[in-house]
Amino acid sequence: MSDQATTLAPQFDDLAQQKESAIFGMWVFLVTEVMFFGGMFAGYTVYRYRFHEAFTAGSDHLNLLLGGVNTAVLILSSFTMAMAVHSAQLNRRRALIVFLVLTMLLGSTFLGIKVVEYSHKFHERLVPGPAFHFDGADPQHTQLFFSFYFAMTGFHALHMVIGVALLAIMTGFAWRGRFSAEYYNPIEVSGLYWHFVDIVWIFLFPLLYLVGHHG
Amino acid sequence: MATLVHLAFLAVLQQGLPIVPERASSVAKQIDYLYYFLTGVTLFFSALIFSLVFYFAVRYRQRHPDERPQPIHGSLGLELLWSAIPLGLTMVMFFWGAHLFYIVRTPPSDATQLYVVGKQWMWKIQHPEGQREINALHVPVGRPVKLTMTSEDVIHSFYIPAFRIKMDVLPGRYTELWFTATKAGTYHLFCAEYCGAKHSGMTGWVTVLEPADYEAWLSGAPAGESLEQAGARLFRQHNCHTCHEAGPTSRGPSLQEILGKQVRLASGETVVVDEGYLRESILQPNAKVVAGYESVMPTYQGQISEEGILQLIAYLKSLTRAERKAQP
Amino acid sequence: MNAAPPAANALPKVHYLNVDYGIRSWLFTIDHKRIALLYLGSITLFFVLGGLFATAIRLELLTPAGDLFESETYNKMFTMHGVVMIFFFLIPSIPATLGNFLVPMMIGARDLAFPRINLLSWYIYTLGGLFTLFAILSGGVDTGWTFYTPYSSTYSNTNVMATAVGVFILGFSSILTGFNFIITIHKMRAPGLTWFRLPLFIWAHYATSVIMILGTPVVAIAIALVGLERLFHIGIFNPALGGDPVLFQHLFWFYSHPAVYIMILPSMGVISEIVCCFSRKKIFGYSFVAFSSIAIALLGFLVWGHHMFVSSQSMYAGMVFSILSFLVAIPSAVKVFNWTATMYKGSVMYNAPMLYAMGFIGLFTMGGLTGLFLSTLATDVHLHDTYFVVAHFHYIMVGGALMGYLGGIHFWWPKISGRLYPEAWARFSALIIFVGFNLTFFPQFILGYLGMPRRYHAYPEEFQVLNVMSTAGASILAVGYAIPLIYLFWSLRYGPAAGPNPWQAKGLEWQASSPPPTHNFPETPVVTEEAYEYYPGAEADRV
């Protein structure tokens, strides 16, 4: 069990206040992330409306299978993350560690698949810049599509990397017995962050991958 | 304080230093009146607040350290009053300003069409009769003039203080400005959007001439071909006619009376053909292909300058009966 | 009439400044008060730097010809003046110094909710500052602080990337500060301190923090996209590659308009505190002032298009933004009236903080009203990008925000340092600043309507007289700013000890010693009265 005296920070009056502050803090932080990604979503939406055909043509070149697998991987990772929080609540240290590791593995799988996708794009000369080449009606605006694709999935991937690192730190703390049923704030807060990054992908996937495939 | 400064400036005015520029356009006076109203409101409330603050500070100054002023929580009535009055005044400002703005942004249909191309760091102006000017604009008194403008590089802004008008000039699209000059004279033209090293050098002179003098200038200035003639020449030079000749088997849509027409695109949407659409069709022909035609039109990017595009547009406008300009 | 001088009030034996010595105790502190002082030092340095750029600008503009600097150099001067003053001075100024110091104390807390994040925000600020300094020293940047595309994304060949990275990083400092305040104010108020008993300084910082967390990420992405465009030559804002330069303006102003409220709201909070203390009276219309702060924060997000009336934005969008811009002016007007009414039948003292506050009220009124010229569509067409705009925002930022900041520094100086500043010198410099300020910026209104555009290195001769007046004023203003720097430092050594409450002000911060101990209060205070209960015994008077 953790000692209250060692886990209560001096500015707080009690553990409840500390926990509430931490959770509230993560929600406020997530609001800033919504605004951050929101800016890109707004820009993407404007251009997609204006250059529908070019964007559709670009989207057709995204790998629906890999994107779909990644979506499944992330959803599964949110489940394992929720299980990690649950395990912490029930004071099951081993289960907590297992689920944290599973979540990290799934996250890394996601990142690995992204690397594969990006390298495909590189070989197909679909990375924006001087080397970009697209055989379509409107290559300029399709390049714009890919600019947004890389910017949005790139920032998302960056957030995933940070998430995996965060979970690695949490795993280390869990290994050293830092958490208990009374004190597992950091796990819960990390969970919120992880779920958010997952949700961003849930929006990214249809917007980027599904726009072109009329079924 | 505001009163003092105001008095100081009245004194300055006595010596002949102006506080408004010359009025040389049909909207200048109206905008100045709105400006005077705004100034009056500003000076009134500034003076009011300064005076009240000063008066209260003196009248209610602490006379001995044990004074105990009564707390006053507030007054709903006052709060409503001093919310309602500013709201009323600001709504007057809004409607007045919006009304004048509508006028400033709505060119009359019979305006003479000129074209402006801005680039770092100069203004290039083309008259329909063919005269070209650099950093100068000659216009007659009393006739509405519409400028269609674009930039070759960064964002600039076309500003004539004496006319009280301004509009940004953007790369990749057209913006419009219109005015009717009312007073002969020469007036500043400024670039009003920071555009790099010689932004403050991108200035010029607008010369407003009485109609007779303007005709003299027109015939005197080296012209060569008119804009329409230049456009017609480009049209043939680049073989546009081979696809766009009217007829059932032509590879491209007919361009007769094209401006203002509603066309259906291959994607299903409908657009109204304007200058911007024409420019886009020349530079990125496959972006918005008309329904029923294949996307076989080559791009002319790099082959035709912005001024060339404007000349082509002038020519295409001449194919439109409604746009036939009355000869001056 | 002065506040009664304190009786012999020696400094407490142990307080936050002397509890520990050495550079490590400062660089690794988690005490919000020390972090506030770290910020105070940094932002003062940046203010001086920004002021040097301003000096260069005003010197060049003494003559119509561009004879002091090359035009490229001048363009860097005004760009760097703007970037430094806005991002590294004004945005952090009050929140990171007075806010950090006072928010926990005013609510009876021992520290902010996340002290280490507070320290991190200073390190991030410093890192952003270093990037920007690097950009400045290695050639400068010339895009204007507004970074409009495609000039910034494609054409400029100055240090856009380094500056963009610096500002991007700085944004996180702002977000973390706002984030910390929101959690603290929600979760750590002392018992009995309900929302409507909070000092208005807290309401102002709460509203500011909401803007910080919602707006800053958007400018972060705007800047990031410009950076990506410069690095990889993608075409998001470049029309030659299919992009739209005006999209940048939307993304940029979506933050930068609310940003101006980040810069003014905290100052308004300071003014509420000062006016009440030096009128010895409760604020007139407490809930109206509190709600006005929130209204300004929220409405402020809806008006960004008023910077774009002539940008090719549609006429109808312009009308929507215009009417909303008028609406956001109303709560500010309400505040001005409430402050003035607070002085009515008060017991007014002329200490330096009050002089600054009174100056603020007048100058902010002028600045705010001149904003209406710019919300008005037809006049904005003429005035956009002229010196009228420059005058308007300097009236608010310098005549408003900066005077509030100076007033606040003076008001809380005894709490922060334990010493009194020399009152006569303080009043004298307040007056000099007021005179110098008006002489510098009032002529610019006239210049603007006459048509002098902004960011002009050389200008037509007929504008010279007004420019000379402006520069003359600036020289006076500079003196006005220099004097407090000197006497505030002097007072650290030679100022008389202040005692816990030299102004006999209300507010929990005045219950702690001056300077306070590290954890502010030996035990958490319990609040039983409204804010600004100066003389609760006196019969309340409902007008």
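Which chain is which? They are A, B and C, in the order written, and residues in each are numbered from 1.
The rule we apply is simple: contacts are C-beta pairs under 8 Å (C-beta built on N, C-alpha and C of every residue); 3 or more make two chains touch, one makes a residue touch a chain.
Given the structure is predicted, the values throughout are model-derived calculations rather than measurements.
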Based on mean C-alpha positions, which chain is nearest the centroid of every protein C-alpha shown?
C
Of the chain pairs B-C and A-C, which one is connected by the greater count of C-beta contacts?
B-C
Using Cα averages as centroids, what's the distance between chain A and chain B in whole Å?
46
Between chain A and chain C, what's the gap in Å when you average each chain's C-alpha atoms?
35
Which positions in chain A touch two or more other chains at once?
51, 54, 138, 140-141
Chain B residues touching 2+ other chains are 284
Multi-partner residues of chain C (at least 2 other chains):
242, 244
Parts of chain A lying in touch with chain B, wherever the complex brings them together
51-54, 137-138, 140-141
Touching residues on chain B, where the partner in the complex is chain C
1-2, 5, 9, 17-21, 27, 30-31, 34-35, 38, 41-42, 45-46, 49-50, 52-54, 56-57, 60-63, 65, 67-75, 78-79, 82-83, 86-87, 90-91, 93-94, 96-102, 104-105, 120, 153-155, 157, 159, 161-162, 164-168, 170-173, 175, 188, 190-201, 284
Please give the residue numbers of chain C that touch chain B in the complex, ascending.
1, 3-4, 66, 71-72, 75, 142-144, 148-151, 154-156, 239-240, 242, 244-246, 279-282, 284-288, 309-312, 315, 318-319, 322-323, 326-327, 329-330, 333-334, 336-338, 340-341, 343-350, 358, 361-362, 365-366, 369-370, 372-373, 375-382, 384-386, 434, 438, 442, 446, 449-451, 453-460, 465-466, 532-543
Which residues of chain C touch chain A in their complex?
104, 109-115, 175, 179, 182-183, 186-188, 213-218, 220-222, 224-225, 228, 232-236, 241-244, 247, 251, 254, 519, 524
Complex interface listing, chain A residues touching chain C:
9-13, 17, 20-21, 24-25, 28-29, 31-33, 35-40, 42-43, 46-47, 51, 54, 128-130, 138, 140-141, 143-144, 147-148, 151, 155
